Every structure is written in structure tokens, then in C-alpha cells.
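Here it is: the structure, laid out below.
Each chain gets a letter, A, B, C and D, in the order it is written, and its residues are counted from 1.
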Amino acid sequence: MKKLINNPQHVVDEMIEGYVKAYPEYIKQRNENKRSLVTSRQTPDNKVGVLIGGGSGHEPAFMGYIGDGFADGVAVGNIFASPPPDPILETTKAIDKGTGVIYLYGNYAGDIMNFDMAAELADLEEDIRVETVLVTDDVASVAKGGEDQRRGIAGGFFVFKAAGAAAAKGLPLSEVVRIAKKANSHTRTMGVALSPCSLPQTGEPSFELGESEMEIGLGIHGEPGVERGKVQTANDVADRLLKDILHDMPLEQGERVAVLVNGLGSTSRMELYLMFRRIEQQLNQKQITIHRSYVGDYITSLEMGGCSLTLMKLDDELADIVDYPADCPMFVQK
Amino acid sequence: MHITASEFKSFLHRVTLKVEEKKDDLSELDRKLGDGDHGVTMSLGWQAIEEKLHTDLKDETDCGYICKEVGKAFINAVGSSVGPLYATGFLRGSRVLQNKSELTDDDLSAFWVAFIDGIQQKGKAEIGEKTMIDTFMPARNTLQERITAGDPFESAFEKAVQAGKKGMESTRDLISKKGRSSRLGSRSVGHQDPGATSAYLMLEVFLSTVRSAQRV
Amino acid sequence: MKKLINNPQHVVDEMIEGYVKAYPEYIKQRNENKRSLVTSRQTPDNKVGVLIGGGSGHEPAFMGYIGDGFADGVAVGNIFASPPPDPILETTKAIDKGTGVIYLYGNYAGDIMNFDMAAELADLEEDIRVETVLVTDDVASVAKGGEDQRRGIAGGFFVFKAAGAAAAKGLPLSEVVRIAKKANSHTRTMGVALSPCSLPQTGEPSFELGESEMEIGLGIHGEPGVERGKVQTANDVADRLLKDILHDMPLEQGERVAVLVNGLGSTSRMELYLMFRRIEQQLNQKQITIHRSYVGDYITSLEMGGCSLTLMKLDDELADIVDYPADCPMFVQK
Amino acid sequence: MHITASEFKSFLHRVTLKVEEKKDDLSELDRKLGDGDHGVTMSLGWQAIEEKLHTDLKDETDCGYICKEVGKAFINAVGSSVGPLYATGFLRGSRVLQNKSELTDDDLSAFWVAFIDGIQQKGKAEIGEKTMIDTFMPARNTLQERITAGDPFESAFEKAVQAGKKGMESTRDLISKKGRSSRLGSRSVGHQDPGATSAYLMLEVFLSTVRSAQRV
């Protein structure tokens, strides 16, 4: 696949360079570790630090979400690979204000090992309290009953936002953790892939799909999904994604949700709005209220084609958290 | 037999070459089972080791120190799943080799046992879960058995490599239970595990290093 | 090409439906004409109306830019086709506050005919004063000397923003026109395409490019460009785009610019940041100051691959205009 | 000869069928020269006309009124470049046919002259600029010439269609000067203009409508 890159070995570092230069008023790169990015703004004293992260290739996640009301720092990994402990630790040190740091990332074995090592070092060497909340929103990855083993995909956006808002409100670490966990447990995602992405280093498609095939439940690193079939209409795909989510997290009439229709990279906004249109029709018919909608590319897989649907079930506390403003390079909410 | 620090470094260097040679195959296996980057990741990690060997460790002769630095270089270059696993292996190995610049048969087998046990303890994978452990664990067990039975290191390690090979090959027919590929369930059957494959390459290169060291 | 759509004939109307449902607090669809979208907010009395538009398929343009500090209304055309006079006129009527309306759109023969017909009707039948500013930023389309015949591409973002800010400041129509024209005359864009898009109705790629080819200067509807060649590195492509722009609009050291690196649809953010990185390096070396940067998908061509570079040369007035806040569904600037 | 309002509507209906039949070819030509949508656009426009004929205009017999409504339906469905051009054509034609439900030879030739002059005035294209004008203008001129020379309408229109065909074919070797394709410069040579092609289809269908009207 054709890409606008230089040396494939350097894409991540060069991306960070470009990113930091584009938004100096938001972001700074730590001298101590170039894979450690933190807010360049003054944050309130005693604010709990919010650290998100994971592999690269999911832009605007994660580095796009550093800013007011969202994350304070990001540790950047190689493409689709957890960051090592070093940048995580470095970021932790930079954003801790004595009130502790929350780590938020998708539930992947590699990430857990690296983040846990960093948390251990933060505790031992730096005396920083670290708490971890894993994102486990992908309904397709593990059947009902095994919710906490599920992998984390686009729903991370809501979980990160929840923690970011809670911390910005000045809540203590235990509360930020509680709210992040609650956001995660109220969040479900189902995705569909229409075309693969390719790693800059290999140039090989991450998976192969026939000319008219799609795959339901595919992961955001190209990990296989639950079902492969013929491409269907936007309405049928939307219905399917919604059905799987509602089967997993039933919603009563009168309940409220936040909706995220997330593009995986190369899918046009036109298609995302067609998907949203159907979701809205169906929720409306079930008398479920959409409190707020997000439609666009929020957590991608390079130039993968397809999208995911995420619902977060809201109570007053989570509705408030969703409405909390944010100001980041790639996401501003007033 | 004795392995000098410089031979130990040469082993590491040869693994780098081998990984470079096989990286596309490793990524290809990972495309089938995971996210397609295993060759890329291993290459990044071993290139970082190579770089370390040419700079900070250029004149270093303490194999324990070498191991420690190599482990840190690896994990900091890659993160990922293999980063913490291999780093832990090297860090555990480094304790065994501390302050040693000549490695005896006992050192070598203690190193490999510590290295592999470290990986196992970090990743908590068991044999049969379709990971690098399917290569490493049988190799470790065979090595220890043969050494206990009185075999000289080289021939014990040869048997260990054979056991590792069988383990690696066994992953083809296993259902993955660890890491990304565990999400595939039965769809993971039919493809050899990339991590088990690169683990075998490492063992194989060590054997040939030992052999050429013997010949000198 | 695979797409998440229903009946290809209905994509535009269904997209609008989804869009309007997603952002009711920003947008409403006119009962009188479903291709006429206007802000759902109360705007100040006497504010000059800002109307932008053009074909669909360029999302987030144009409908994503309705909001405070930006456009008041959009007339939506079929994919890559000018809207007809009716929705333009309907939008004009809805947003006029007695102080007149400015039309802003790319310089395409079809658009001119339709918008001019609407302007004539607005004048004759509704007694609304309409002024028009055409966007002509595409350096590749016509050689130096023929600036005003050039087609309009991503630079429209700056021209729309300028008019939107000027109108939001309460300036009269003549001033809004002057500033929009100034913004346009200070703006240059050069693009590169790596892969085609396809119309939902035909499914055919808009053009063909070899496995390792790219095309410099391609238009945002797939109209051919100036030069076809082998795909180059991000650095080389960035240098080329910048060179063509600076040749056309020389910049002295010490001058200031706003930079837009615009993705055409399916190009990953990673690549866009690599492009930005090089642009920044080169401008920095020439001692040209980047006053503000925009990197992302601002004006797309469905799922086309590639990107464009836009520079707007700033004086104090334009710098002020670029910094003016905006609050739209797909673009928020604080 | 006489053309009734119902025959006039039948002409419009047949153009719709023809456009549907040829829409992929028209888009294909536009892929080479423009943005690939000409068949899509013409289809949308003529479908809107068809719809109008089946609803509001079902019982309408005033050809002038029919023309006006058809022109508005077309432009509102498509916008684009062809929307204003064809709409202007129909609106100018509508003036000539006002209050007429039976069209004489004179009406028909006056209609086509007005229709084509309207398009020309709106788009300001000249012959040789690679647009629909390359089909329409020669047809118009020939029609007027033959009528002036005293030919009956059908044979005059037959000549006009032949002239239009030659004009259409000439666009293949022209450099485009108008519309999207004008950006191509010399790269536009070698492909027949899509708008010139669809214009010819319209003329051709009109001829066959006149012929079948004669036969009845």
C-alpha cells in the first residue's frame, strides 16, 4: 500500500515530531523520553494525573486527547504495540501532583505487562500512587459473562473522557477510578471492517477480505472478528451492530445513551452519517434518548475501512461527565 | 567448555542477523494470528541490542551487566508483549551471570533456565497455549534433564534445541490461549505461533555459537 | 469499492438526515428545502449571513462548518455537483437579517451558474443583497497570472473561516467581502493524490493510478493534475508542494502563515503529521513563522488517498481572523 | 406535421429511457475528462422529469407549461453544470410553446432554436470548446438552414441530427476549454465529451419520436 512516509522505521518518532510542532500550545515532549507527551498547560494543583496510552496507529488516539478536561499525558508505543515502561514512567512522573495518577488503556496482554511494570517502578522508585482501569468495551471479543476479559476498542474514548472530566473537576484518585470503571462498565462497542490497513514496515495488509466481504467484530489491530460475510447495506450493518450491543447491554425505554460512530480510518464521513442515521432511528423507535452523539474518526487503525458503534448508558453522573468540556488538539467540546 | 564475553556478544549479534533474515516470515505468521508485527517488533528490539553492543557495551566483559543492558535496550525499543517477556528473561539471566566474563557449562545452563523461567513467570503462559513458551519450556526441561544426567553442555543443548523445535512445531495445531491470537479461538489452528518461531531461532543460533566457539 | 450505504441514489439525503439528527443543537434542516441547512442558534441582529456550499462528498465541508464564527447556512449539492438554485435561495432567505448575504464557494463553472441564478432570484424576488467570493486557491490548476481562474480546493477552509469571523464580528457586507477576498488572495494550495475515490452510484474509481504512482495537483473531484510520477517519500512530496506554493506566492523571512495539511479522506493522520513535520522544518529554516496549524481532514473527496498543503499569508488582520473562535459540529476552535 | 402534447411528453419519456440505458457510458466518458458523474447526473435529472410527467403534468396539455416545469424539475434534481444549462434551454423553449398543445413544424424548429440558444447563452461556450454546444450548435444551424431552404421538418431535423453527430464526434480531438475538463489542457484530447454525447442522444430520440408520430 502506498503511504506518505519516509523511513518506515522512523514513522512514529517523526509523527510525534510533527504533532508536537503543530500544537506547542497544547503539548510538550519530555526531554527525558521522546515517547512521553504531556500537556504544556498549567493544570491545577492537586489534580489527579490522567495517563492514557497504547500503540501508535490509532490517531487521533491517544496523543490527540491531551488537554483540558481530558488526559494529562500519553505514553506512545510503536505501531500497534504497547509503549515500554520507560515513557510510561516518565509521563507518570511529569503529571503527578502528589495526588496520584490513573492509567487507562485497552485490555491487551502486552499493554498490561508494560504498564504494570511502570506502575511498580512509579510506586517503588518515585512513591507515586498509580491506579489502573482497563478498557474492555468490545462485545465481539469475549461472550457475555467474560466482560472483563474483553479487549478495548473505540469505547476507550468515553472511558478516557470520563476519567479526564472527573480529574478536571478536582475529584480524588479513588473517585476518578470509580467513575472510569463505571464508564467502562456502561460502555459497549461492536465494529465492522471492510478493508485492511497495512503496517508501514511490512506494507502487507493486516488481513485479507474478499472484494465484497466484510468482517463483523474485527479488532482495531486487525485481529480477526466473529463473523465474515457479504457486505450489507448501511442499515443492515447498523442494525446488526446495535442488536449485538443491546443483547449484551439491554436498555429500557426512557434510558439515555451517548453514541459514538467511529470511523476506522478510511471510511468517509458520508458513510458514518448513514450509519448514525439508522442507529438514531432505531434508538428513537425504542424510546431510548440520545444525549450526545459523536460521529467521526476517534480511534482508528491507520487506514482501515469500516466503523464501530459505541453506546454508553448514562445516568446523571455519566451524562454530566459526557457534557464536561474538553480542549485538546484533536478534540474540542464546548 | 568456556564461552567468553565476546562469544556471548557474538551470539547476540548473530540473533540480530537471523531475525533480520526472518523478519518478514515472522510478521507473516503474525498476520495470520495477531496484528502482523512480530517480525517488525523483534527486528526493532534486536537492532536496539545491536546498537547497545556497539556503543555502551563495546568494551564490556561482565556478561551479567551485558544481559541487563541488553534486556533494557530490548524492552525500551519495543514495549509490546515480547518486550517485557524478553526483558524479564534477560534480567533474570543477568543475575546468574553477574560479574562473569567467562561462562562455564554450569553458567550457561543456569542462564537458560533463569531466562526461560523469567519469561514464564512474567507471561504466565503454560505449555499448550500457543506461545513462545511452547518452544522454550520443553527446551529448558530437556536441557536440565540432560545436564543432570551428566551430558556435556553442547550435546545437552543440542537435545534442548530439538525439543524446542518439536514444541514450536506443535503450536501449529494448538488453539491459542494467550495474547492477541487467543481471541481467534479455533481459527488460530493451522498456523505456527510467531513468538514460538522466533524463540526457536534464538535457541538455534545459540547452539551454533557454542559449536563454533568449541571449534576454535 | 465497498461502501456502507443503502440505495446509492439516496446517499446525500440520508447523510443529511443522519447529520441533522446528530447535531440538533447546531443545525436545522429547512422545511422548505431539505438540501438547505442553517444554524439552529440565534445569531445577532444585523449579522451578515455567510452561505457556503458546493457538492457533497467533501465532508466535513461544507455542512460541518455551520456554527458560531463560521457559516450560517449551507446549500447541499449531489456528490461532486453544485447545488441547484432552490436550496441556495432557501438558505439565503433563512439567514438574511436585512444586511445581506455572502456566497462563498469554489470556482467551478457549474457552481457559478447555480449560485448566480440563486443570487439573481434573491435580488429580484426577495430584495436580498448578495455578494459572491470565489475560492481560487489551487496553484496546480492554472499558471501564475491566471490566479482568478483557478479552481477552489482545501484553501476554502481559510476563506470560509475568514468570512465567518468577519461576519461574527459584526462587520458590514462590504467588509466581509473585502476580508474574504483578501483571505483568498493570500491563500495557496497544492495537493497530491495517491488513490482514487469512487462515486456511490457508479462504484468506479474516479481515476486510475499505478500501484506505485501518485499525481501532483489533482483536483478534489478527481480532475487530473499537473504531473504523474512514482510515489515519493513524505519529505520529498512535502518539499514539492511547498516549492510550488512558494514559487507562486513568495514569502520573505519574518512573514507569518497559517498552515493547513488536509487529508483527502483515507490518508492516515500519521502520514499527515509526517507531512506537517517537514513543512514546519522547511518554513522554520526560511524563518517563516507558523502562526497556527491545522492538520486533519478538512475538505475531502470521499475516500480519496493523499493530501494537500495550504498556506495563508497573514498580516495582523488575517492573523486575528484565523484566531477567531469557532464552534461547529465538525470544527471547534477556542 | 403535428406533434401533440402527449407525443411531446412521450419524447421526454424516451429520453429518460435512453439516458438510463447509456448512463454508465456517459459516466465513463466523464471519468476520463471530469469527475465521472455525467451519467449519474443526467439520470437523476431525467428521472425527476419522468416523475413530474407522471404526477403534476399527468393531464397537462400546454407544451409551454410542460417545458417550464420540466426545466425546473431537472435543475432542482441535479444542480451541477448541466442543471442550469438544460433548465435554461427548457425555459427558453417554454416561451415558444406557451399555450400550445399541438405543435406545428414551425413551433418545433422555433423550440429547438430557442432551446439551444438558451444553453449557449447560459454557458457561453463556443463551437470547438468541447462541450454539448459542439453537438447542439451545428444541429441548430443545420435545422434553421434546411427549414429556410424549405425542407419539411422531419427531413430538416434528420440533417440536423447528422450535423449534431458530426459535432459530437469532433469533440474527441478537441482540447477542452469549458467546464471541469478544461483543466486537462491537451490531456483532454482523445476522449469524446460526455455532455456532447448526451446532447446527441436527446436529438436522436427526438427524431425517432417525430418519425413514429408521422407513422401513426
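The rule is short, and it goes like this: contacts are C-beta pairs under 8 Å (C-beta built on N, C-alpha and C of every residue); 3 or more make two chains touch, one makes a residue touch a chain.
Every value quoted in this text rests on a predicted model; they were computed, and no experiment measured them.
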item	value
Chains touching both chain B and chain C, listed by label	A
Geometric centre distance via CA averages, chain D-chain A, whole Å	54
Rounded Å distance between chain C and chain D, as computed from the means of their C-alpha atoms	33
Computed distance of Cα centres, chain C from chain A, in Å	29
Of all residues in chain A, the ones touching two or more other chains	none
Multi-chain contact sites of chain D, meaning residues that touch two or more partners	none
Overall pattern in which the protein chains touch one another (line/ring/star/complete/other)	line
Touching residues on chain D, where the partner in the complex is chain C	24, 27-28, 31, 34-37, 39-41, 44, 75-85, 122-123, 178-181, 183-184, 187
Chain B-facing residues of chain A, complex	9, 55, 77-86, 108-110, 113-114, 117, 141-142, 151, 199, 201-202, 204, 206-207, 219, 221-224
In the complex with chain A, residue positions of chain C that touch it	2-6, 11, 14-19, 21-23, 56-57, 59-60, 64, 192, 194-195, 197, 200, 211-212, 214, 231, 233-235, 237, 265-278, 280, 290, 293, 295-297, 300, 302-303, 305-307, 327, 330, 332-334
